[in-house]
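Next, two complexes with subunit A in common: one pairs it with subunit B, the other with subunit C.
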Partner chain A sequence: MLAPYAAVVSARYRNLLQYRAAAFAGFVTQLFWGSIRLMILAAFYAAADGPQPMNLVEVVAYVWLGQALLGMLPWNTDADFKEQIASGAVAYDLLRPLDLYGYWYARTLAFRTAATTLRAIPMVVFAMLVLPALGLAEWALPVPSFPALAGFLVAITAAALLSTSITVLAHISMLWTLSGEGVDRILPSFVTILSGMIVPLPLFPDWMQPFLSWQPFRGLCDVPYRIYSGNIPIAEAAGEIAFTLAWTVVIVWAGRLVLSCGVRRLVVQGG
Partner chain B sequence: MANAIALLGHYFGVSIRSQLQYRASFLLNSAGQFANSCIEFLGIWALFDRFGHLAGWTFAEVAFFYGVVNCTFALADALTTGFDRFGSHYVRTGDFDRLLLRPRPTALQLAGHEFALRRVGRLLQGLIVLAWATWALDIPWDAARAGLLLLTVAGGVAFFFGLMVLQASLCFWTTESLEIMNVLTYGGVETAQYPLSIYHVAFRRVFTFVVPLGCIGYFPVVAVLGVDDPLGTGRVFQALAPLAGVAFLGLSFGVWSIGVRRYASTGS
Partner chain C sequence: MPQIEVKNLAKVFRVAERRAGLAGAFRGLLDRRTREVHALAGIDFDIERGELVGYIGPNGAGKSTTIKILAGILTPTRGTCTVDGLTPWDDRRRHAARIGVVFGQRTQLWWDLPVIESFELLQRVYRVPEPLFRRNRDRMVELLRLGPLLDTPVRQLSLGQRMRADLAAALLHGPRLLFLDEPTIGLDAAAKLAMRDFVRTLNREEGVTVVLTTHDMDDIEALCERILVIGQGRILIDGGIDDLRRRVGDERVLIVDFEEPGSLAALERELHGAWLREVRVTGKRARIGFDAGAVAPAALITRVTSRFEVHDLFVEHPPIEHTVADLYAEHGEGEA
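What follows is the complex of A and B.
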């Protein structure tokens, strides 16, 4: 029953994996950004008095994982999708004998994760193995304990599902806006700041923490990265992953609802 | 020269009028960029709120660095859309042939491609941060300080303009635009938002002698702020540093003309 969705995911993966040069450019860019962020954060920590909600080793892990998995954040939309909506080819999707939301979700899942897998592996290898070899062990991505790694893998899978559900919602919004330019402009800053990509969430002022810990974007970076570094103890990991999945369910439900409204009033563009 | 400036003014006039035809789109784009810049700044504020200071630099001082580089980049960004789109709009399509046929420098025509009004969002945010920082630091403005700040911004615009010219020049060899230059443009802005002195010595050298980012931000701004440079540079060097941005632009145009000479049209 899942076979057609699996085929969609795998076709999209093979398609995106063609772009090796772009992946290399992405690797260099993220390496640079990661280094800059680490130097800034380390300079802040160097003068910090008293214990902080995260120690520097945990921050280093947070930054490198963030750079490795940057592409997985729901910060942009699929250009193919945009073209399909603008050209009216979206009508073909309505004719397929598949659940429309499920089909879009599968496509978007591949879009969200394919390029990221290609970029994450060299980044992790570099940050975990090459940096210590260069004598920069204190800046390296630490090797996690086994339970932390297991918790991280589950949490990052949940994060991928959550990220996909948010991206699908952005895709669906194009049924109204057609261009997608607006979402593409608004999403990045909200997603990067609320997920913890710009500044790890625990470092925000204490009075903001109640809000930050309940909003859905936290499940994208903050939860998995802190489970990896042990900042969230493994005993609490299950609850945090459940938090991510609960938001995923809510957003999928909202997406389905909005999609059914959108399809009912859809006017296909062009001929 | 006068003719070139008049022509550029004409190009910009046409571009601005055409963008104002889509007033709602322009306003939304600018507002979006303004909001995005504010959110970025929120990150810096959060770190200062927790840690108090950054290796002795206060929030207001870092805000000043931030304001200068963001205003500079916004101005350069507005002027270089043509270079930014050079690969996709001119080389791959072969449209560059048309520019070559006209009796005016190609770089001038590309600068006239568009004057991107929407960058006003980032510019405005940078100006507000800069104004706040000036007020918070209580900087005693005099002619020398104001002049140096203007020279810094001019040098910075030249520097970022040069980066975009280099990025476009690469298209003569690769046909496609290379996103790798984003490391230097956007990455450069990110880097220059914080004082150069906090970075590793290797980064500092690269950003002073190879890509003179520090010369159009950190060094002259230290002089404007009137503080002692922890890196130990003197006031004369700090005041002359922005000229490196102009030199960088000159070199970039050199690379550009080499590229133009080896340009082969894609023919379609």
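What follows is the complex of A and C.
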């Protein structure tokens, strides 16, 4: 039943793995930004008095995981898709004996994860193995406990599904706007702040916490990274992962609804 | 029962109108004006299994709209259409599994992947069982000479090669109905001939029904026994090429090579009447356009050969382009 969709994911994934130079450039950039973020947060911790919601080791893990998995955030749209909408080649997608939402979700899942795989592996190797070897062990990505690692892997999978559902929604919006310019500018500001990518969410003021803990972007970074570092105890991990998946279901449902409206009014360009 | 049945099919698009100038642009923000474009104004036709039908008309006449409705991509404003018993836009997925479509201006192959990987992806997307896929793929590779291209990324193919690969891609799941939307656009002469050969083989030997839109009248003359001419959203002609010719008058051209350089004046003195369309002389050759309904070609030939020293002569149909251009002119340009 799912075989055609799996084939789409795999083909697109293989296609995107070709961009090795871009991945290397991304690795270097993210290394740089990761160091800056660590220095800022370390200065903040040195100056702060009293206990913080996260200790410095947890913050270091949060930052490195964020740098490794940055590309998995739903912060941009697939250029291929933009091209397809603008040229009208999207008509071919309707000619496939597939559920259109499922087809787009499969393509987007590959887009969201392929480049990330290429960048995440060297980043984790560097942060976990190379930094201690350079004598910078206190700034290294800590090795997690086994239950925390297992919880993290499940949570990051859920995060990938959530991120894909948000990106698909952005792709669908192009049926109206015909260009991804707008969403490409709006998405990063929401996503990077609300996911915890810029500042870990627990460090935000208390009065914002009720809002921050219910919004969907939290499932992208905050949940998996804190499970990894043990800041979210493994006993609570299941509930947090269910939170991420629940938002995914809501956004998939919304995406299907919007897509069916979009297809009804779709005028293929060049008719 | 015909394979395709189209009844009273109409499609109205709503197009936003822009006003000219800056002031117009501001007014447009508050008060959007739309106008209706009748791409199809109610068309009817049937197509039987195994037919090879040419679907022609000027730009904007509604050809692509029809193809898109038949393929299930567009929903018509009114009218009905069944293809093999299914309504394309209601049963989009089931319908899509049974048809093949090639848009000449767009590719369905994955740009960065080798051709064979696009094929294998399509196999999974269409759930084609392995033995059937191998049989179809090998047949396409043989007929379209794709062997050396299979491992080449699509972006490195020439247009002709890409079109051949696109045709194969549309047929891997063994559809019994193929829509070709301008399949020869931009191709060189050799590639066009190869494409026509292939389409003919597919239709004659495998019995695949083909609906072909094109602006290339040679495609039509080479391939189609039946043509549908559409203009301003209506079917103008449904018949053979001869019907098309008769519709705009039965014009022929008598081409005469004289022994001596021909003289226009002498010829014109000899030939006159309402049946005469035009006479042109270049060197020893004269082209005499005439209405074959008003004067028998044999009588005209006798007349010319009795007065002049003729070396050679033959009668031809005017190029079908002219015929079609006349017909389009008669019904106005498609773009209203």
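Criterion: the second predicted complex is superposed on the first by the 270 of 271 C-alpha atoms of A that agree within 3 Å, B and C clash if a C-alpha of one lies under 4 Å from a C-alpha of the other, contacts with A are read in each partner's own complex, and residues count from 1 in each chain.
We adopt the following convention: a residue touches a chain if its C-beta (ideal position, glycine included) is under 8 Å from a C-beta of that chain, and two chains touch if they have at least 3 such contacts.
Predicted, not measured: the structure shown is a model, and the values here were computed from it.
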Touch test for A:A11: subunit B only (first), subunit C only (second), both, or neither?
second
Of the two partner chains, subunit B (first) and subunit C (second), which one does A:M39 touch, if any: first, second, both, or neither?
first
According to the stated criteria, A:V199 is in contact with first (subunit B), second (subunit C), both, or neither; which is it?
first
Regarding the shared-chain residue A:L2, is it in contact with subunit B (first), subunit C (second), both, or neither?
neither
Answer with first, second, both or neither: which of subunit B and subunit C does A:A235 touch in the superposed model?
neither
Under the stated touch criterion, which partner chain does A:G182 make contact with: subunit B (first), subunit C (second), both, or neither?
first
Based on the superposed arrangement, let me know which partner A:A91 touches: subunit B (first), subunit C (second), both, or neither?
second
Within the complex, subunit A is touched by subunit B residues 28-29, 32-33, 35-36, 39-40, 42-43, 46-47, 49-56, 178-180, 182-183, 187, 190-191, 194, 198-200, 203
So, in the complex, the side of subunit C touching subunit A is made of residues 13, 39, 64-65, 68, 71-75, 92-94, 96-97, 99, 101, 103, 105-108, 110, 112-113, 117, 120-121, 124-127
Given the complex with subunit C, which residues does subunit A contribute to the contact?
3-4, 6-8, 11, 14-15, 18, 87-89, 91-92, 94-99, 264, 266-268, 270-271
Considering only the defined contacts, which subunit A positions touch subunit B in the complex?
22, 25-26, 28-29, 32-33, 35-36, 39-41, 43-48, 52, 182, 185-186, 188-190, 192-193, 198-199, 203-205
